[in-house]
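Letters A, B, C, D, E and F mark the chains in the order given here, with residues in each chain numbered from 1 onward.
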């Protein structure tokens, strides 16, 4: 599974959740996790979560992760959402290690009662995709709901630490998935 | 998904990881999570984890969970191990809430450097099984490795709190699985 | 699995067979069976059965059922068509109980040589859909084929009985699916 | 899918439900339905239905069907039980055509309140198996439950008609499965 | 699995790789292999292989094969690409038998260093598709890459031999798939 | 996927086809291909191919390959047999490159009309296994069938060349499987 950190700045507009985005834009073959810092503004016709229809989903600066898995063929939404939950729980644990305490509800993280993150999973018949992103600040987030940003939740966070956090999240996620695969190969079945 | 708490005392000897145990012994049909307090002593021929061959796996008193899922047909070891990881992360979070800080490595929890838990997943073609158990005390645990028990890791734990913890773990796990299922049914796919 | 009866009148235009229709229009999460009385007029670009290309598919008043299953991930057309057949056989049996004798050919029911019903199954990668509908009368059905309606096939049918029939079909189908799931959990595998 | 009628007389002892029985005993490769008349006496260690543990399952003369499917890989208990239900509903309809009215409850048929049939499904990772059998008479059936036999349920049944019924059941089942497969190949998916 | 040889002349424009093409255009139900001689000119919006974006994919006369499989439900890209490789290896062997030596690289065949063939696999949730085609001559092939044609690779090939080759490829492929299915039904599993 | 060459001499007695053999005996986690030179003598109760019941399956010196795949969960006999065929076709091509011409029939290779190889595939719910072996000489092969050995089929083969061949087979097989996985991740689906 490949890990890529992109230069800051790319807008997340919802197109990145589409299958094969990593190959079409970055030339990546196989499973991958791609991360970057950048704004978000999802076009209504790129919406994946039907519960979000009619909502503004935007932020001026977020830490984004796009994951694509090709291991399960055909792709499986159930497995994909389990991986999403594992990712969110990994993020929650790594945030705690740098002093940011969050509350998790499904696939959302909250900090001081403000919504810190967005996430969705989806798939085609051949790949499983996950998007997860956290506000770095609350700038540009929707005004009708209470939001939170990593900067406001921590006293001494800087971009270097955000960068380390990002790297740590990707690596820990990859390790967890590999660890699960290894466990399968040492387990008796009935 | 059914939740059952058994009377304390039943020995975990490895037979409970077998498919259909919940139906054969408890008459439970469908997916279930069963918990109880009791000793553990796994017979060598009941070993599921081939890495444990030759090891003593025992303890005088543990908090046990046996989960069986019938939703994915045919059963899928990959999904099963993802669920096991989600269970262990849920346990870790609920322990923290009652003041017990643990370190997770794969499917194992450690407290003060001592191994607190054991866990395995397995499946037949029609069901997925998970066993997870934590030492309540270190009594009766193998002498050749450092172990930990919930009682030693907490200053003010009693059986009533262990019982609440047990109930909380089962309920939180069931809610998480249901929540994932609901997320699938509101998500656009490609 | 949720059961919903809608107010009479909604046109079946083929859009209801699309995955997630029940969530998008009715807010239903999870597997469901939705029934209602209303006309049918399928738009050519909403056709699912390629054998129907070029045919008129319409009726002034039908008893409709829309089923969506999320239990099998990824969704499976083979399983979906087996469920469709089970549904049609259940309908045939319940019609017989109220004195309407039909002949089944694949997924079609015939009464006195007239085509009484239409049905299709389809799926996306995450859900399985079934549409089944019976003419209540032959009004508005295509003129180039012989059709039948429940009213013409029975001497003493009224809207109250149609309503009870509808309810009975939904409940019997749900029970059958649940019964199958329970059978899995008591069966030894090899 | 091959259809075979065996000479009368073979005892059904539960071994026939095992995967690959048709190849090992009859040299049949691929999916098949095998039928014959003969007694039944299931050995306790050949029990597949854990609900039957401790029960006597026997009869002096039954009409047996053993089905094996290799089309779904890996084999799927859910699909297998759906096929079993379709088989039982086909049998019920064909019995009605020769004047035998039965009541179905899950996978059991009852005639005049007496249990007429037994059935089980099972699978290994590579094949799906179904056994279905009806008492031809009640001779040799367990005394502690009310049973029924085809002969007692019909006024003018003879062995020739039983033979035709048997043939009809096999052919109708095979046609239904083929018909489903053809429907898949003309259906648009999302 | 049905085998069809079409009259020469049909343009391969990429639309034939779509699921259900064989049913919609030829009325074929079930798995099939269709072959014909004709030109190729793939429209950019019909591209399946994202690696080919921006490339010209054309030839004046090729020997085409379009395969559709419905046996695996849901369809599986991994299985589909394995079948494509088996097809290409079968072609390579049959070419050798008529004196045409090729070099295989993935799913491409080369003759004297010139690209002889194109191939792609794809699927929807309900069917698996393969397109494989060889240049009969190099006429009309892209000028920026070295290509080869069957005619140039062989000294004594004529249209009759191409026709026999085509037939042989289809039959050998069908036999191989059937042979695999039979092997499954005689093999013990664990 | 790991590649291991063992020291010569280990008897293939059929136990090596069992799932997890590579982990239990060699400590290998994950998918692997293991090769070695050694005799074969399969115990009747280790038979996997029911068509071989009653046959002697033995040879004094063979080149063995044992493959285990964990990528498809649950394991799939159909995929496994497709991989076996790909392996056999790879072997046939690599033999030709060193001057040994063989004829393939299903999963068997013949040289000068003598049976050169044996092969079987099998799986549990969590892994897919393949055994393939070629006689190095005909010594110790069954007397009642005509057999062939690599040494007799080639004029100038020595153990060094056999060793290179073995290595080449393993590497080529691994590359092919990886190549297929990469193709999936660049292909549009419907």
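Simple rule for what comes next: contacts are C-beta pairs under 8 Å (C-beta built on N, C-alpha and C of every residue); 3 or more make two chains touch, one makes a residue touch a chain.
Quantities reported herein were computed from a predicted structural model and do not represent experimental measurements.
Compared with chain E, the chain whose C-alpha mean position is the greatest distance off is B. For the touching copies chain A and chain F, the fraction of interface residue numbers used by both exceeds half; the interface is of the same-residue type. Averaged Cα coordinates give chain D a centre that lies 42 Å from the centre of chain E. The distance from the centre of chain B to the centre of chain F, each centre being the mean of the chain's C-alpha atoms, comes to 39 Å.
The mean-CA centres of chain B and chain E are about 51 angstrom from one another, to the nearest whole unit. One simple way to say how far apart two chains are is to compare their mean CA positions; for chain A and chain B this gives 28 Å. Listed for chain F are residues 19-20, 23, 50, 71-74, 76-79, 123-126, 181, 184, 186-190, each touching two or more other chains. By the document's touch criterion, interfaces exist between A-B, A-C, A-E, A-F, B-C, B-D, B-F, C-D, C-E, D-E, D-F, E-F. Remark: chain B residues 20, 23-24, 73-74, 125-126 touch chain D in the complex. For chain D in complex with chain E, the touching residues are 19-20, 23, 28-31, 68, 70-73, 124-127, 181-182, 184-190.
Within the complex, the chain D residues that touch chain B are 50, 53, 74-79, 123-125. On the side of chain A, the complex with chain B involves touching residues 18-19, 47-51, 71-72, 76-79, 81-83, 85-86, 89, 93, 106-107, 120-124, 176, 179-181, 183-184, 186-190.
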